[in-house]
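Here you go, one structure.
All chains are identified by letter, namely A, B, C, D and E, in their written order; residue positions are counted from 1 within each chain.
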């Protein structure tokens, strides 16, 4: 079990790190897909079957598509003016800030005694129970999430739509 | 198979659904709207028959189903359905007549552009009427009562593009409202004094003995009337308005501006009978004061005299009218007067019997008139008709049956038996015999004007182009006529050889055989009426439309006054109308000068205080705030330099802030 | 209602499906190698050279190497070498004949001009369409022997046209024989006239006119 | 039924597998168990794919009054002493095609993203095979009985979209890329109707497990009318919507406009040839088969027999029979209908299928709520449900084409 | 090191990779993807604590992750729509150039 977890971690972290570092946006987006699939596998490993499939459905099926479309819709052609290249400085600063966060987090995790029974078998939660919980105690949250998604959808459409009102309708 | 009272709502709900369908389908959905209306009516008829069957199993029982509508304070406003023979008979009659009239309308309204609306309104009317009948609560009855009024308004004004129709609709609505105001006051008073509006509620209803005793026990201080008399008279106001009783009868003849099926259904057979039904329904309340001898006025006495006056008055005016529908309308007024008379003299069963028979033969007469009008291209003036008997044989035959039933031609026709019952009851009334004499006079007049109508319309030769080209209508219009005519005859069986119906309605009523002498007298009177009518109009038919009426030449003043309907409309315009406009101008004056002045004064004061306020504000208070906000603005400008627009930088700061916080917690928190 | 068209269409194809098993006339395709197509008579692929007999194609070629076709061929795919000697042709007249007659079918565009032009009804259009060859150059360059087809074969592919041609040739032959006879007669007559009479003069004219074939309009 | 559940034929495949598994040492058993399942699926559906292609070509031929492929058969071995009948109705055509595809030259554009260009066809087959894992092929014959099986199906199915994009992008051909975007737009916009048409089944069955959905459809009324979802009003219209959405999801005719061969030279597959192209082809048929299997599972009762005297026939035979019926229907539709335009495609989705599916969802909710109605109320239930199907169908169908005649070309006319 | 700690370490590393990506890359899309990674790291934590926590039946971790995924999806949709809007204005999507509203 631990071995599987370590392998998964390597897959997830490796693909994420490479995706962040690559210059080719399409490749990095596809690597992100791999990373997300790995996270879904982690959920499966942890026994959260429903969440794993939801993760695949939403991230691999939907978010990745949106990302790829966005990449294609924002192709940057040949730059006329040279970009001020401050990426190295920024990278160093980001590394320092991120590294310190990582250090603090690691310190916190390793410094906290966690005496949980790791030998316990993976818990299961059937979809029926999950549904009962969603529609029962968490119904309000579910409704709010529904509203949020609707608003996000409409907002995305409004933001991304081209405003053609100032152009003649049928310019040949 | 028995029908529980708790399911009575089905009867009004069926036409209500049809009305909804009629309202929702597009204008072109003629077949759907009319089909739904007729189907629902026929279904309601069968359900009503079932209900009648159930009710007759135990005629004395008042099976009621009550439920709470909404909560009021500690109690609840309760409504309910009531199933007894009265309700059941009325339901059967209304649904049967309505079905036939709906079918007749298919033919009559065929060319109308608003065909589907017509059926929508008709269904709405039927739903309200049936709701009125099955109600076990005076409140529910009142609601349906008003809905019936609304449907009547819509249908009278159905051809609203005709100014006369629109005016007639308005007149009908407003006139009946006057009566309804009394009804409403009586209703509220009743609720106030009894705390219930349910008719039957297991001993607590307003028509049950305990409540009635309590009501008659109380007496009004001012005039000595018992409470029950006062309430009864107020409720009777509603009946006067709806049933076209004197002095509120003026709207009913004008209501003939509506399409003829509407006149037949609403203003002859069903709605106008609602007033009679109402009094019959609350009859225990109306008659509660009969047990007391020392009261100044019995409610039923008023009813009897009003009925007698109306019966005579309507018959008189009908003699001098020329419009075929108007004659029938005044005849309706007169017959409703008869029913009220019967109620007043204590025989509500006779009133209901006459109501039922009258519904059939008056619907028959109106539909016959509609058939004539339809055939004669909407010519309604009897002086311009004539000679139709040969051209429209079925209409003629059925119309003649209706006429004979209305006139009270003996033995074979239902009208004879019902009228006989009323006269008999009037004869036995021991307060006064004046109503009997009025009734007998009306018998002669009724026979006379109906004979005149027949003679002018169907005999002689045609006196105008329109009537010359008339021809019999299609089966969709004649079949209802034939069915109604059959009913007009067969309904005799309800009273003869034994008064079966009256037994069913009121098993406790003692029935005595009618006096032979009275029967002979009325037969003679009918013969006199028909004979004189035939002598004046029948033997020598009118030659042209302009030729003078024989009676008019004989007594021009009287006939002119009658033709002008004795000037009731003008009288009302001069009194009530004048008073109303006086009040209106007074209200206008008050509004303009007294209230308006006060409001203007207040406004001026408000403006003044506003000016004072602003001056203090700007000069004294604001200075301090201005300097503070200057400083705030300066600080904001300084802070805004931190907003570099560099999102990466923000993120870095957040991350470092997180690290610092974590370190603080980890290092500081452990100590 | 929506979908009724779809159902109708499905019914049509379903009918096709069932019908294709039971009604052979429905089928729009042919099973080619087994069922040969019935070609229309005017179908043409590449030229052929008509010979009178199948036994001796080279000896009875109608071609007289006049080279009209070679000159007229638009893509110039015909190559002809004349013979040095002469042979009697179908009418018995002495004519040249082609020693080499080659058509490069990789160039030929099947226009049929050669067949139109040939005054000797010698070059005609074939109907063979299975002309694939494994050698791109030699395989598609057809020589005299490959081009020569017997008159009987010509009859088999286009009977109407061949009959017409035969009739014409027969008439020509008759005319030529008549002419020869007339010539012989004339010669004899001349010989006789040399002796005396000029009366034989009108005799050849009707004979010469008579064989003109009233070309039967097909 | 009880007698048939453990008939020999019914148990045979499972028993065979278990016997094979128990031959091996314990640590390998789990692995072998699944390996055998995978092998069986690959073998069965690989062959199924092969014969689907030939069946499609032959059926299309028959639908158009042609014969279809009937030549390829066994090669004639002249060395053999007997003479094989060598035409087999052309049934060996797929093997010939496979050999041809394998031996064709694999052309990769010079500027292509070589890795993705290679990965796309491999992944598309892999993803489309993943969906088979949750289909119950027979009683106790679901490869992985997941509690959220339906969700898994759609999750795995949605992954194939990624490969369409990869194929289009990796070809480094702007037409391929554009075609990939078109295909994606279509597939994504029909994902919603597909899901919406499936949700009523989940609602009524109360489970996401494919196996339990099939079990819930067991039983018969009067012994001949099975309790399949398609025999309820909402199920019928749901099945129709599912069919349409599945057609669009598989890019099948009449929704095959992303890869219209005649107009777009196969869209995002333009730069693919040889076996890579064959793999895409294969994935497409796998997807079609999987969706058909899902339709059978959700609406046609899965492996349930249609009449109560028929379960003696093994359940997997029923499943395969229904699957074949679905495929034949898809081929029939392909042989009948014309290709849609892109505007018709999207209008159909948003103005017809989605609203109808939403109404159908309400309908199914009504059905589920009134499950306890009995006696004459059942007729009322049926009537209301039918009205909820027929009314919206007619109204929406009437609204769909209002004012839309044939397209007019404004600048093309003189 | 227990499995729970391993999970937490995984999630914290993933979080930091996302953070570094968001801070170091100038392409707004990648920044957004970095944020998504951080959200995913949080989800991993939820699942891990659910897996090793005391109350499995309540399923709070799973529910929280579901809601979190929904929020992440809407964030991606709106964020990428914003990216497209930004691209329309300044013809590139470099984050450091989108600073027109700075103080």
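Criterion: a contact is a pair of C-beta atoms (placed from the backbone, for glycine too) under 8 Å apart; a residue touches a chain by one contact, two chains touch by 3 or more.
Nothing here was measured: the structure is a model prediction, and the numbers come from that model.
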By the touch rule set out at the top, what is the minimum number of steps from subunit A to subunit C?
-> 2
Quick one: how many steps at least from subunit C to subunit D, stepping chain to touching chain?
-> 1
Farthest CA centroid from subunit A: chain C
Farthest chain (mean CA position) relative to subunit E | C
Nearest to the mean of all protein Cα atoms is the Cα centre of chain D
From the C-alpha centre of subunit B to that of subunit C, how far is it in Å?
-> 105
Please work out the Cα centroid separation of subunit A and subunit E, and write it as a whole number of Å.
-> 5
How many angstrom between the C-alpha centroids of subunit E and subunit C?
-> 85
Could you state the distance in Å from the CA-based centre of subunit A to that of subunit B?
-> 71
Provide the list of subunit E residues touching at least two other chains, using ranges where the numbers run on.
-> 19, 23-24, 26, 96
Can you list the subunit C residues in contact with two or more other chains?
-> none
According to the definition of touch, which chains form touching pairs?
-> A-B, A-D, A-E, B-E, C-D
Enumerate the contact residues on subunit A facing subunit B in the complex.
-> 90, 93-94, 97-98, 100-101, 103-105, 107-108, 111
Name, in rising order, each residue of subunit E that touches subunit A in their complex.
-> 1-10, 12-21, 23-27, 29-30, 32-34, 36-37, 40, 43-44, 47-48, 50-53, 56-59, 61-63, 65-67, 69-78, 80-85, 87-88, 91-94, 96
In the complex of these two chains, what residues of subunit E are touching subunit B?
-> 19, 22-24, 26, 31, 95-96, 98-103
So in the complex, which bits of subunit B are touching subunit E?
-> 637, 639-648, 651-652, 655
Touching subunit A in the complex, subunit B uses residues 648, 651-652, 655-656, 658-659, 662-663, 666
